[in-house]
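Going by the order they are written in, the chains are A, B, C and D; count residues from 1 in each one.
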Amino acid sequence: MTTPAHPLENILRTERFPHIWCPTCGIGTAVTAFVAGLEKSGIPKRDVCIVSGIGCSGRIAGYIRLDSFHTTHGRAIPFATGLKLGNPKLRVVVFSGDGDLFAIGGNHFIHAARRNIDLTVICVNNFNYAMTGGQLGPTTPLGAKATTVPYGNYDQPFNLPHLADACGAVYVARWTTLHVRRLARSLGEALQKRGFSFVEVICPCSTLYARRNRLGTGLDLMRFYHRNSVIRHGADTRQVDIEFQKPIVVGRFVDRERTTYLDAYNQHMQTVWGDRFNPYGEIGAESPVEDQDKAAEAG
Amino acid sequence: MERADPAGVLTGAHFIDGDIACAEGALAAGCRFFAGYPITPSTEVAERIAARFPKVGGLFIQMEDELASMAAILGAAWAGSKSMTVTSGPGFSLMMENIGLGLMTETPCVVVDVQRGGPSTGLPTLPGQGDMMQARWGSHGDYEIIALCPNSPQECFDLTIEAFNLSEQYRLPVLLMMDECVGHMTERVVIGEAERIRISPRRYYDGPPGSYHPFRPQSDLVPEMARAGEGHNFHVTGLTHDERGYPDVTWQTQEKCVRRLVDKIRRNADRIIQCESDDLEEAEVVVVSYGITSRVALPAVSQAREAGCRVGQLRLITVWPFPDRLIRELASRVKAFVVPEINYGQISLEVERCAAGAARTLLVPHGGGWVHDPEQILRAIEEAAA
Amino acid sequence: MALATDPKGSTGARGGKRFWRRPFDAETIHVPRGEIHLLEERCKGCAFCVEYCPTSVLEMSGEFNLKGYHPPLARQPDKCVHCQLCETICPEFAIFVTLKNGDCSEQGGA
Amino acid sequence: MLTQIRFSGFGGQGIIRSGHISGKAAALFDGNHATMTQSFGPEARGSACSSQLLVSDAPVLFPYLTRADILVAMSQEACVKYGPQLRDGGFLLYDKDLVKDPHHEDSRLQAFSVSATRIAEELGNRIVANVVMLGFFTAVTGVISAEAMKKALPGSVPERALKMNLEAFEQGHQFGLQQLEEAKPGADPTGPVRGVEAPEE
């Protein structure tokens, strides 16, 4: 009997294996959960694009066999914004790390959430800049060590779900790589959600974060999640800060409706011009709105 | 070549400034996605686009900054749109990183820099030509770029279309290097019938899904594009990559990848470069200029001729790639080049490089905030001829 | 899902006693059987699969793969209920489960 | 032949628009070349404001005004600021009520004035004062034809205010023709533009 192929063989670029992630790193698990969520969502894979920034998680785009874009550090969200608005039929997923999305890319995150661009942003949070050797990141818990805070971190980190919530994200969830099935379900929900959805995935980084903080291996971190995760759906996101080696509140925190950027644009223009306006992204480029350019010309 | 979509073409004679002409050029070229951030003196382009796009099925988005604007137009290009952003010096600096991504991923789009005086915030409302070397070398790493310099509102229209066409033909971000003077100067701009405006269509791959290689070159070294969402499952990265777009960080792949980025422009340079010249055959002195300075130089050239100098004039419409060969050839038979520019020596260095000692190069610098007094240029011509 | 609770508790992944009482419908439930497949050379020996297999099918092997890691070994393959947790949690895409020959059940649960 | 014109006043008076309408008339309807530039300051309203228009039968090369042949001043401040740039024999056109002291006894200038703002108010909206001035400017200087100016108005002023603007233009124009008659008996307003008769330097 021949061994059957791995079920993800077709959606992973296995010709690029072995992948770059360290032993007991959880990014691969997050990828599997994402694919499971994608399958559950029923969205045709052809419509799905993955955009990543830079870092360990930035490499995710390169391993998933969808149209995928590995962009510059911090700019995955604006690139994805252009991709989505360039062709609104696409389902655009930003899959990147905490440093990429929230330090160098933080401004883009808050604005995309504010505008409610129809994107799914998945943040793999491993609490440090791993690819570059374990420096302080915007999510490094107070007291944790990193190469650039060798005596422990004193620099207040972000509470990511609270940030996403405050900026207007319509769907906010947090899981760890241990909660694979719930994570997959959440990712499926996020993909189906119209608007800016955000899922934080707490992920073990054994080589750098765990080692530098003497937390053992990635398996030890998984055991830590096992013992210390508290599922609290609908939790007030102000209460879900992560403290160093303290319990982690996980769950689906926000699920609400809000008009997306493009819907707001189309609705507004229809209010202004009525039927003469062809909604963007729904019909071709022709639009019969009367020319008012002579007046504009003098402007 | 295709014909322009009449929906975007404002056929007729207009009295408009360079910024508005640039916006109309983009519309005529088929640009239907614009991401930008307001910055003087380029804002009027964005404003015009914002007013016009909803009527032609385009989408304008004001982003949070220029980093985002540049990233967004790259994304939109891969979604199938013709896309553009517009900025000035400080924003141009912020765009550099993702201009590099556009070059590495060979993404067609247009970036307009309406130059003002710098460095830093400098002179927001006054002209400069100090970004010319930044246009060439501003993003890190090695590459070739295309940059065009209009000297009138009419050319702001024409060259914006040309910039889009070149971006499609050579699959890269093309820079339109305007300046505040040209951007804010109002003149007659004639926009022809749509069917007379030639548009280079995107060169799409039409093979079966799964077989597309985003970086496999055609005979002119330019690879074909694909749109996201058509089942090709392609990968695009800013890392050094092979023809499939897969990262491969080795010197061998770097050599192949970057050499082609450079060669696709260098080997096609003769087809890309446009210059305007006058009386080069008999010239002893050649005035080399670009953008607004090329207009300001003309009265000086006329006066010098009246005074008996044999002066030729060479206007660079395409500044990058630089017309190396032409300058080298001229250097072998003229006494000197006079290069007026609104900076302290950028393109003059290129002229000097190509002249390689065979002819003198006289820079006529200007710090920015105004254009040259033609008198300054005249004096330099006289000095060069002496 | 039981994984977020105390592993020493009654529903933990380890420990003998799985339920505090026998479910009423236990007779009617068909427990599927799975067959575990390992792409040994992908494995980096993280042991996630061994740790979280709810029926303790797996253990770490003493053997090395080509990269020098200890892959898992299906010590008690007959206990596999095709829950696919190992497949889902494996960060290396190295282990997966198919339904055992002749078993046509839908995917099991965990 | 190049004529250099400066329209000036304070922000909000339609100074830029005056330059725009005149340039449009010259470039699109008179078959001349016209280049308009404007000074930009950080203020939106109330500051000194000016637009420069170069009109020529040959392409305009140097884009900026170097020395004014014609200064249109809609405020005292503008008149004081830009008056010295007028060449000898140049035209100074000003709003009689807003420019109290035009220094036009200076015999080197040809000065003409009109109550542009007052006429505009009588027409119902002071916003058209600049168009009254444009009619006046057209009549007195003859650089741009009245027909071209009237063709340039549609599209450059709001559609609903076109009638009032045409009326404003007409009144300014008529008043200009009268002034010209009074100032220079026997002068032919359709003759060569005196503003550009002086040899170019």
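Simple rule for what comes next: contacts are C-beta pairs under 8 Å (C-beta built on N, C-alpha and C of every residue); 3 or more make two chains touch, one makes a residue touch a chain.
Not measured: the values here are computed from a predicted model.
Novice: When A-C is set beside A-B, which has more C-beta pairs in contact?
Specialist: Counting C-beta pairs in contact, A-B comes out ahead.
Novice: Farthest from subunit D by Cα centre, which chain is it? Let me know.
Specialist: C
Novice: Quick check: how many Å separate the C-alpha centres of subunit C and subunit D?
Specialist: Spacing between the chain centres: roughly 88 Å.
Novice: Could you state the distance in Å from the CA-based centre of subunit A to that of subunit C?
Specialist: Between these chains, centre-to-centre, one finds 29 Å.
Novice: Between subunit B and subunit D, what's the gap in Å when you average each chain's C-alpha atoms?
Specialist: 37
Novice: For subunit C, jot down the residues that touch at least 2 other chains.
Specialist: In subunit C, no residue touches two or more other chains.
Novice: Touching two or more other chains, which residues of subunit A qualify?
Specialist: 297
Novice: Touching two or more other chains, which residues of subunit B qualify?
Specialist: As it turns out, subunit B has residues touching two or more other chains at 14-15.
Novice: Touching subunit D in the complex: which residues of subunit B?
Specialist: 13-15, 17, 40-41, 125, 181, 184-188, 292, 295-296, 298-299, 370-371, 374
Novice: Name, in rising order, each residue of subunit C that touches subunit A in their complex.
Specialist: 1, 3-4, 6-7, 37, 39, 42, 44-48, 51-52, 67, 69, 85, 87-93, 96, 98, 110
Novice: Could you pull out which subunit D residues touch subunit B in their complex?
Specialist: Interface residues on the subunit D side: 19-20, 23-24, 27-28, 33-38, 40-41, 60-64, 152.
Novice: Can you name the residues of subunit A that touch subunit C in the complex?
Specialist: Listed in rising order, the residues of subunit A that touch subunit C are 3-4, 6-8, 12, 14, 17-19, 21-29, 32-33, 36, 177-182, 184, 217-219, 222-223, 226-227, 229-231, 250.
Novice: Sort out for me which residues of subunit A touch subunit B in the complex.
Specialist: 13, 16, 46-47, 49, 51, 61-62, 65-72, 74-75, 77-87, 89-90, 107-108, 111, 261, 265, 269, 273, 277-278, 280-281, 283-287, 289, 291, 293, 296-297
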